[in-house]
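Note that the chains are named A, B, C and D in the order they appear, and that numbering of residues resets to 1 at the start of each chain.
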Amino acid sequence: MIDRRKFIKQGSLLTTAGLVASAVPFSGMAQSGKNMQPESKSKKSKWLDGSRLVVSVSMQFEAGGQPENAESPFPQNMEKGYKDLPATTWYEYGYKEGIPRMLDNWDKLGVKITSHMVGSAVLKNPALAKEIVDRGHEAAAHGMNWATQYTMSYNEEKKFIKDGVDAIKKITGFDAIGYNANWLRRGENTLKILQELGFLYHIDDLSRDEPFIQKVNGKDFVTVPYTLRCNDIQLIEGKNFSVDQFVHQVKMEFDQLYEEAANRRRQMSISFHDRIGGTPQMVQAAKELFTYIKKHEGVSFKRKDEIAKMALEDKTTIIE
Amino acid sequence: MIDRRKFIKQGSLLTTAGLVASAVPFSGMAQSGKNMQPESKSKKSKWLDGSRLVVSVSMQFEAGGQPENAESPFPQNMEKGYKDLPATTWYEYGYKEGIPRMLDNWDKLGVKITSHMVGSAVLKNPALAKEIVDRGHEAAAHGMNWATQYTMSYNEEKKFIKDGVDAIKKITGFDAIGYNANWLRRGENTLKILQELGFLYHIDDLSRDEPFIQKVNGKDFVTVPYTLRCNDIQLIEGKNFSVDQFVHQVKMEFDQLYEEAANRRRQMSISFHDRIGGTPQMVQAAKELFTYIKKHEGVSFKRKDEIAKMALEDKTTIIE
Amino acid sequence: MIDRRKFIKQGSLLTTAGLVASAVPFSGMAQSGKNMQPESKSKKSKWLDGSRLVVSVSMQFEAGGQPENAESPFPQNMEKGYKDLPATTWYEYGYKEGIPRMLDNWDKLGVKITSHMVGSAVLKNPALAKEIVDRGHEAAAHGMNWATQYTMSYNEEKKFIKDGVDAIKKITGFDAIGYNANWLRRGENTLKILQELGFLYHIDDLSRDEPFIQKVNGKDFVTVPYTLRCNDIQLIEGKNFSVDQFVHQVKMEFDQLYEEAANRRRQMSISFHDRIGGTPQMVQAAKELFTYIKKHEGVSFKRKDEIAKMALEDKTTIIE
Amino acid sequence: MIDRRKFIKQGSLLTTAGLVASAVPFSGMAQSGKNMQPESKSKKSKWLDGSRLVVSVSMQFEAGGQPENAESPFPQNMEKGYKDLPATTWYEYGYKEGIPRMLDNWDKLGVKITSHMVGSAVLKNPALAKEIVDRGHEAAAHGMNWATQYTMSYNEEKKFIKDGVDAIKKITGFDAIGYNANWLRRGENTLKILQELGFLYHIDDLSRDEPFIQKVNGKDFVTVPYTLRCNDIQLIEGKNFSVDQFVHQVKMEFDQLYEEAANRRRQMSISFHDRIGGTPQMVQAAKELFTYIKKHEGVSFKRKDEIAKMALEDKTTIIE
């Protein structure tokens, strides 16, 4: 795992001109009192590379790794002892149609995303996993399977995480440095284990609209915050929101964050799952949304590894 | 049942000029690795009859065949031992108003659809079942009633399926060659039984946006994929989606598939149930949607039997 | 109760010129086969008074008669033995704000509606019940309280219904001839009891978009069909649909029925509950909807007693 | 607590010119019969300060005071004995991003709101609580924590309420005179206790669209009515309504109340929770809504303490 960390330290992220150091350092404010910093008064604070707003896109690679009779839009009333065959085909859609369609869309839009890969899903569809990385996207770890990670013992969990990241490395050649737990549900030991294994960041936190740093095992560890409200799994699932509701809602999220970003560091997170975000209607939605977003000056789409590294290098990153 | 298969082989489907054989055969790609074919890179691959996009419409004929106190928009809290009388009238709407209204609409729009007919519903309303076929639509089998097919023994299930298709033949004169299980929930033996009984295709699969072939009992058997997301039962049910949400969502689905269809074979599936899709508001929705779709060049509405036969004749059909 | 029936026979409903007898009597078609009439082929069949489309509006008068801790938008997790006080105020809104607001709206729009009155609610707010009738609206019976009517014995149910209609008569002076069971859930004896008590019609049926006649105790009894899909209780409840969804959906319902009404008899049903349809946002919705509907030629808003009587006089009414 | 009441009596609220005494006193009408007043006939009745419509905005300050594993948009299926860590970060968002963002928005819009503060949340984030008051908003009490208040004994509840209001006083210096129970669920003793402790009003009532007075312990006590339908917690929660639905619905609410306000006293209530209403998309929604509302003449945004005091001084306030 040491390689990954080295890899990170080698390349400088700061290839963009116009770095803006904020006059009043943000981390200083954050350190002045736990949870009590008057953030609403905070002064101008932008990104190290000069971006006004950073948009971070997730693409879950999970289908194929789901447990038998995993939750789906079908009525959850199967008789015991039988397989939910059509639900399985709903998942298959994720790798047969969903991911390929999204990959084409990201290429057309010129967007690089972070793919959260379940280890067993990678092993089931290795060519597709590799293609994601080959097209320039980030592979991040997402557990070896869909097990309930927060109930595992320390050693059990460490093996569980390592198996997943090893599967990604073996198939795609990518050194994952980011982590996402199933349904974001990490346990009390998760961050420590991630730090030991060489990870730089996790995303299982909804508390801020910008990255921040925590000390884990005495070292800096980054949170690149995630989203439920601009996330297809929360909005869709086959019945909650319609696609046009998703589009309107995410647009309003962007409008507000873009406005705020004139004066402080803001990150927007959007998430798509293989079997949901990869449907024609949702890819159409992403196209509409991203085309809208790209019309705004100063917006950059970034992989989460880029965001984490930039946060580590930036002296003004919030420290909690 | 043999008659049906003969009937199929007799008539050539290829009455349309301009067949386009794809340069890189799709089935070849599919055979190169299970679930790993790089579909997103696939070259131009259209339909045998030259269609750019094929739209497949389903109309469920189920009302009247439902079990007592079947699920409805009413609160599911009936005291035991009593009949849910208003829920019964909700189902009756399906054959008294719903199907007749949709039939008129399909005529006005010039669209031929596939009607998935429950055997007992056919026996209860024979004249209406016959009228569907007389107006040029396809009758496909949908079980003898709403029983949980996947828990049946082999012989029990075979009789269950045969009873349903026999009822359709007796009443409408139509040889059904397509099958749809209740809530898509087929069992482990279903495809084998269907192949034995002379069926050519089933629809209980959501994994692709185009038809594909599987070997069943050593012979080709077609999947004409179905949909939950452009399906009134998932969207409506009396409270999930409103009709305008359905319209927006299905439009976005079409826009994406039509775009993709410039370069590869794409099928769009839309589904309407007698008691839901047959309401005035949903027929209005279908009218709006299909009028929009028909403005696009190269779109053809096809019955699922036509799609299945075309897939069988086409050397480039995906083989799984 | 005999008075009510007399009252009905006295007044001729046919004060409107231009009665249109349909060339092919509809009831004849309906008699040709149970549930098998080819309705989609039916010829021109309009209303006896020449209306093209009849719109029937319901206003439930229930609040104040609800049982303790009746269902509300609040979380249904009250500790046992305590009163859900804020839920009670949600109901109180129905008579303090909801009904008065709707009454003003109906006056402005020039619409007469049918108010389905729970007996105990009438006794709790007698002045308001009387005002509804004084302003020209119909009072219909809706049970003495919210009890589960379909589990009652014959005699118990007869008393239950009679108590309710007597309360209405006593307070408002109106002879109710129409009935609506709680959640439409009538029992096996309900229609017989209603006929014995002198009622002319009930609404607990969703099976058609026009009134029809059944023989009950050997006499004609009318069903004036009701709706769940253009009904605020199904759509709103505090979280299912938003008000703008309701507006769009009901508009689409109207558009289709108005179109169909050029060739056959069509009735549209819309329903508003005191505590839901009486909120400012829903009254705004009703105003928008009815203003839209009223722009169309030949549409008449009618009370359900008018519809029932017209159906009885009309030789072409469907007989089931 | 006596100080608070004194404070109230000192300052005259009537600094606005053009007071309009209604010709027919409203309270007179209300006294004519319990729950039977023909409100729909009521004459012109405006606010004491001449406002046409008063809009009352709530901002809940609750995050940080929630119990372990409190309800959140995450699946409610945690294994027993484990902490729902990501759900905690969902709450943290309320004080880290939500409240600061809303405070900036209220400043930009020039709106003063009422912040319902949970005592333990105030103690956890004192600087932020103080900032709310320092920026001119009202601090109202919202219990010491999220306990089920209606199951407490008299003394237990009194201590619970007092602890909460004392926390607010200690941290912010503000004498809270308004109360809101968790999920509005007050018990049978709550109003008596509040009156004893010097509170002037509570909001746990949905029954009217204007304030009213009740006698509690023989003295006037005001209800400033609250809302569920223009409340982010009911509409959002991560899946019920999308933000654009919220916007449309609240706009329709305003349109109706503004129209009615030409002839009688009307209050509109809107509510935002730290972790929901404080998201970028909801702040964008509030901006859109309030910008729309402010274009209308005669609308004033008021804190609930101002509304309560005006209701007490006004001889025409409804007395129940």
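As a convention for this text, a contact is a pair of C-beta atoms (placed from the backbone, for glycine too) under 8 Å apart; a residue touches a chain by one contact, two chains touch by 3 or more.
Since this is a predicted model, take the numbers as computed values, not measurements.
S.K.: Compute the rotation angle for the C-alpha superposition of chain C onto chain D, expressed as a multiple of 5 degrees.
M.R.: 90
S.K.: Suppose you list every residue number at the chain A-chain D interface; are over half of them used by both chains (same) or under half (different)?
M.R.: different
S.K.: Approximately how many whole Å separate the CA-defined centres of chain A and chain B?
M.R.: 37
S.K.: In whole angstrom, how far does the Cα centroid of chain B sit from the Cα centroid of chain D?
M.R.: Distance between chain centres, rounded to whole Å: 52 Å.
S.K.: Give the residues of chain C that touch two or more other chains, as numbers and ranges in rising order.
M.R.: As it turns out, chain C has residues touching two or more other chains at 240, 245.
S.K.: Can you check the complex and tell me which residues of chain D touch chain A?
M.R.: 64, 73-75, 78-79, 82-86, 89-90, 92-93, 95-97, 99-101, 103-104, 124-128, 131, 238-240, 242-245, 279-281, 283-285, 287
S.K.: For the complex, which residues does chain D have touching chain C?
M.R.: Where chain D meets chain C, its residues are 33, 35-40, 148, 150-151, 183-188, 204-209, 228-229, 234-235, 240-241, 245-246, 248-250, 252-257, 260, 268.
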